[in-house]
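The next part holds the structures, each set out as structure tokens.
Here chain A shows up in two complexes: once beside chain B, once beside chain C.
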Partner chain A sequence: MFKYILKRLLICIPVLITVVLIIFWMLNVLPGNPIEQMMGEKLKPDVVERLTEKWGLNDPWIVRFGRYIRDVFLHGDFGDSYKKNRPVIDLISESFPNTVKLAVSAALVAWLVGIPAGIVSAVKKNTIFDRLCMGFALCGISMPVFWAAMLLQFIFGYKLNLLPISGYTTWKHMILPAIVLGWSSSGSIARLTRSNLLEAMRNDYIRTARAKGLNEGGVIYKHALKNSMMPVVTTMAIQFAGLLSGATITETVFGIGGIGRLTVNALQTRDIPLLQGSIIFSTALIMIGNLVADIMYSFLDPRVRV
Partner chain B sequence: MTNFEKDQYQRDLAARINAADGNYQYTEDNALAEISELDTTWQRIKNMLKSNKVAMVSLIVIIAIILIAVFAPLIIPCDPYEIDLPNRIKGPTAEHLLGTDEFGRDILSRLMMGSRVSLVVGLVPTIISMGIGIVLGLVAGFSGGKVDFIIMRLADVCLAFPSILFAMLVSYTIGQNLLTIFVALSIISWAGTARIVRAQTLQLKEKEFVEAAISIGVKKRTIIFKHILPNCVPHLIVLFTMHVPSNILSESSLSFLGVGAQPPSTSWGLMVFKMKEFLASQPVGTLAPGIALLIMVLAFNFLGDGLRDAIDPTLKD
Partner chain C sequence: MENNVKNTLEIKGMKTHFFTRRGVVPAVDGVDITIPKATIVGIVGESGCGKSMTAMSVMQLLQYPGRIVEGEILLDGENLVGKTKKEMCEIRGNDISMIFQEPMTSLNPVYTVGKQVTEAIMLHQDVSKEEAKRMTIDIFKKVGIPEPEKRYSSYPHQLSGGLRQRVMIGMAMVCKPKLMIADEPTTALDVTIEAQILHLMRQLRDETGTSIMMITHNLGVVAELCDYVYVMYAGKVMEAAPVKELFKNPSHPYTFGLLNSIPKITYTKDELYTIKGMVPNLQQLPSGCRFCPRCEKTMRVCTEKMPELIDIGGGHLVRCCLYDKEVVGAYE
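Here is the complex of A and B:
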């Protein structure tokens, strides 16, 4: 087991470098000169020259890539933002707390709604409760997030004037984004909880537990739930990593200054170092999530090596 | 948003296939079951559609949307691109059943044309990415060794990119339009399919009937098409129905962010984005494309659920 985890960790290093290489290539090499990309083609030659010199764009791309990898992995330095003239790592670490707040609040909503809904559906299988919960869950999965966000903004912010619709300063600002994002994440959790719980309930040890006279609640909570939550927990891990890597749309609609909005802004202003840094940061988080999920899976079933 | 359930299902399925029992007994029954896998799959799907009303309704809705999309130019009431500024942002009237947008264009007609964008983005990149996944999964499973290792690490690379972020990256490189979304969604989401096809290949490769086929000199191609792919088809159908709605949502989200379809295109995500400032005065303009998206994605998801229950009995309640 330890060997597998170590192997899995070691594999991450070349994978991460490949990810950085792809991102670097797509932003720095394929599109052509970054200065023209950002400022248009009508620039004075001396300005172009000065910027090329300043940003070290004269060297071949492989040299620049080597330098970038060295800076990122050894010094944690993602370069300076072209537009804001500040270190990218500072901009990321300023935005990240907002993303963390959003991710934690959304995950809380998702888990507090999703898991009980899944349990209720499984226990009251094929009743009206089950149908309602599963309909609600599937709506959450199928709902376009930007649209749900706008509707909630309109109803609670504009019509009823109960909650602020933009910004992220007080706890009131956190409610609507958490609901929107939490709802869409709770759907998967509820459905997975239900299907895994139902599968666990078919096992022999459940029949044994019932036969020895344990009440239904005990059967479900002590035996079935414990054995059925592993895939759900795995999903929660990946989902949380996904939320941490920036809920681009929710952050954009609600004007939350997190990683997702930082990425969209960088894309719109064609600010390469910032875009590069924020995408690398996000994918690294997703990779950690995937890693945790794979390792958890191997604990669940040691025969499995995904 | 990434469809976490899809990711989880792919991981879980690959794991289950990997862990499936090693002491497979070659009996006539098993062999017959293998051969008739495809027939039973279709039979199961037919039975499911007969008994599962929600799935049946979803299928009808999907067929209706496809018909609307195919015949859109013939049945639209107005020209979806015709600008009529004096009549901009009007509520529903007899002439414009869903009202007009910010340039006075007919929203119903734009919705109908927009269904083409959603359907094509839902279907084509799914087919391409799953095609890539099938080929790479087969190659990885058959070759083993270094080739397998490299392909599976490439899969890890792809799994690390959330599709929306990857599409943003591609949009920087080749420009912000629908083609970007096509390319991005086509090349990023093959990893799950590849994992599953690889697991299935590895498992079947060990089975006696495949070993026997190899030993009497049956061509690799025949083994792939006669034995391995038919066994993958049920899983692939389920994956397909999970990829399509997730791609439709990705497209609309990207268009909403301004990365995807560009004006005057009729993408539903773009329509919501353009009309959102007029939510108070012309709510139908924002509600209609959103509801259309919701219905389409719901229909695909309900059908997918039904298919998954029918095809993958381990998950059946």
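Here is the complex of A and C:
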């Protein structure tokens, strides 16, 4: 098991390098000089020259790429943000706690709502309960996040005046974003739970469980659910990693300073070191999420145990 | 409590129908089957003749849209039709148990085989976990699983098909049921393993006195294992007889055909007898005898009248106009 995890972590490194390579190449083909882009076009030529020199922008992109890879992997140095003049690492670690709070609360909402809804609609297939749960799930999946956010802000923040609509300081601030983001993830979890549970119920071992005298509840909870949760758990882990790498729209609508907003700001201001840093960070998280999903899978399913 | 009923199971005039969108499918259409104590009774017939649905009806595990519409199922004299779900849960796995054709998929892949057998014990008997585990290892020993302690914590995928079927039999026998239903338990196994499993079933019957309903379409299995046999066709029993009698004196043309379609080594040519035609669609059954369109001995009455089961002596019953005294009399 340990060897397997180590191997999987090592595979992450070439993947990350490839991602950085792609970013470098893309930023290179985009038109415009990042310095002019950031500082406006009325800069004195000698200032531009000095900054270009300082940040090493004269070198071909492949050379800059090599230098960057060396700094990151050998010294753990992601460089300084052009715009804010501070280490990229610091900026990311400042935004990350907010993102974690948002991701955990949203994931809790998604799981606590999505899994029971999926179970109910599978057990009560083709009844009104099924329709209600699946309708709710479909809303979660198809409603744009910003629209759901504004709707809830309008109702709970403006009309009822119960909850704050912007900022991220108290626990009250966490509620609406968690609901908005959790709802959209709960939809796919509910649908996945439903279809997998229904499929598991068609297996031969379900018939065996009934034949040994288990009641229907026991059959579902002891025999069908564990089998049907495997793909769901995988999806949950990957979704969670996605949430950890930033929920840009939710963060923007609710004014939360998290990783998502940091990345978008970096992109808008051509803050190349910051952009690279946050993309590497997100990619690494998603890969770790996949790894965690696979490890959990192997705990659930003895057939793939390594 | 000593029970003086001599039959473990009596199915009386049972009809199991499926109420589908395209109409009613009479999968089991008035079947009488009796299984005496400590007896192995075979049920044979072509695919789709209602063998499994008869078994599932006894277990009361019919899935929607199937339903028992008529008849009685007496287990030790007690009618199972009309029992509540809860009462049936107490009976299933305890008084009647069942094993299936697919040993590969009939065990839950995420639990150890030991745990799955233990679960059956804990459901029906008031014993501690340790006691249940000990009983599981005992039954594993009894059904011939090597290294039972080690196998207790194996997962199904770590066992061969034959071993898994032994686990299933162990699970079915662990609560000492009155009746075990085996739905083609050896169809998916190779012949040597099949022989071992059949041997095991007979041995268990001899030791415990459990009655066995053996569903198969293999007449070789019937000859090997059963005491009595029912031949089913399109949801009805066509012939029923003690095994020796049936093989010596097959009386229904359908049974005749089945027996003749077993390959024999003595055949010199590559030809094999087959019953002509196909199993009828249960929703468009011929009037009169259901086997009539495929029968080689059809008479005019066969298209007009469904014959009753006729006793031709020696516990031998046949549903065929050839044995109907009135009909035969009229012809002579």
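By definition in this document, the second predicted complex is superposed on the first by the 272 of 306 C-alpha atoms of A that agree within 3 Å, B and C clash if a C-alpha of one lies under 4 Å from a C-alpha of the other, contacts with A are read in each partner's own complex, and residues count from 1 in each chain.
Everything that follows uses one rule, which is that a residue touches a chain if its C-beta (ideal position, glycine included) is under 8 Å from a C-beta of that chain, and two chains touch if they have at least 3 such contacts.
These figures come from a predicted structure and were not determined experimentally.
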Partner chain in contact with A:S195 - chain B first, chain C second, else both or neither: first
First, second, both or neither for A:L108, with chain B first and chain C second: neither
First, second, both or neither for A:I13, with chain B first and chain C second: neither
Chain B versus chain C as contact partner of A:H223, first or second or both or neither: second
First (chain B), second (chain C), both or neither touched by A:T208: second
Partner chain in contact with A:C139 - chain B first, chain C second, else both or neither: first
Of chain B and chain C, the chain that contacts the larger number of chain A residues: B
Touching both chain B and chain C, residues of chain A: 301, 303
Contact footprint of chain A on chain B as seen in their complex: 1-5, 7-8, 11-12, 14-15, 18-19, 153-154, 156-157, 159-162, 164-165, 168-173, 195, 245, 249, 252-253, 256-259, 269, 272-273, 276, 279-280, 286-287, 289-290, 293-294, 297-298, 301-302, 305, 314-315, 317
Partner chain A, residues of chain C touching it in the complex: 59, 61, 85-86, 89-94, 97-98, 100, 102, 105-110, 116, 119-120, 123-124, 155, 157, 168, 171
Chain A - residues contacting chain C, complex: 203-205, 207-216, 222-223, 226-227, 300-303
Contact footprint of chain B on chain A as seen in their complex: 11, 14-16, 18-19, 22-23, 26-27, 30-31, 125-126, 138-139, 141-147, 150-151, 154, 158, 184-185, 187-188, 191-192, 195, 198-199, 231, 234-235, 238-239, 242, 245-249, 252, 263-264, 267-268, 270, 275, 279, 282-284, 286-287, 290, 293-294, 297, 301, 303-306
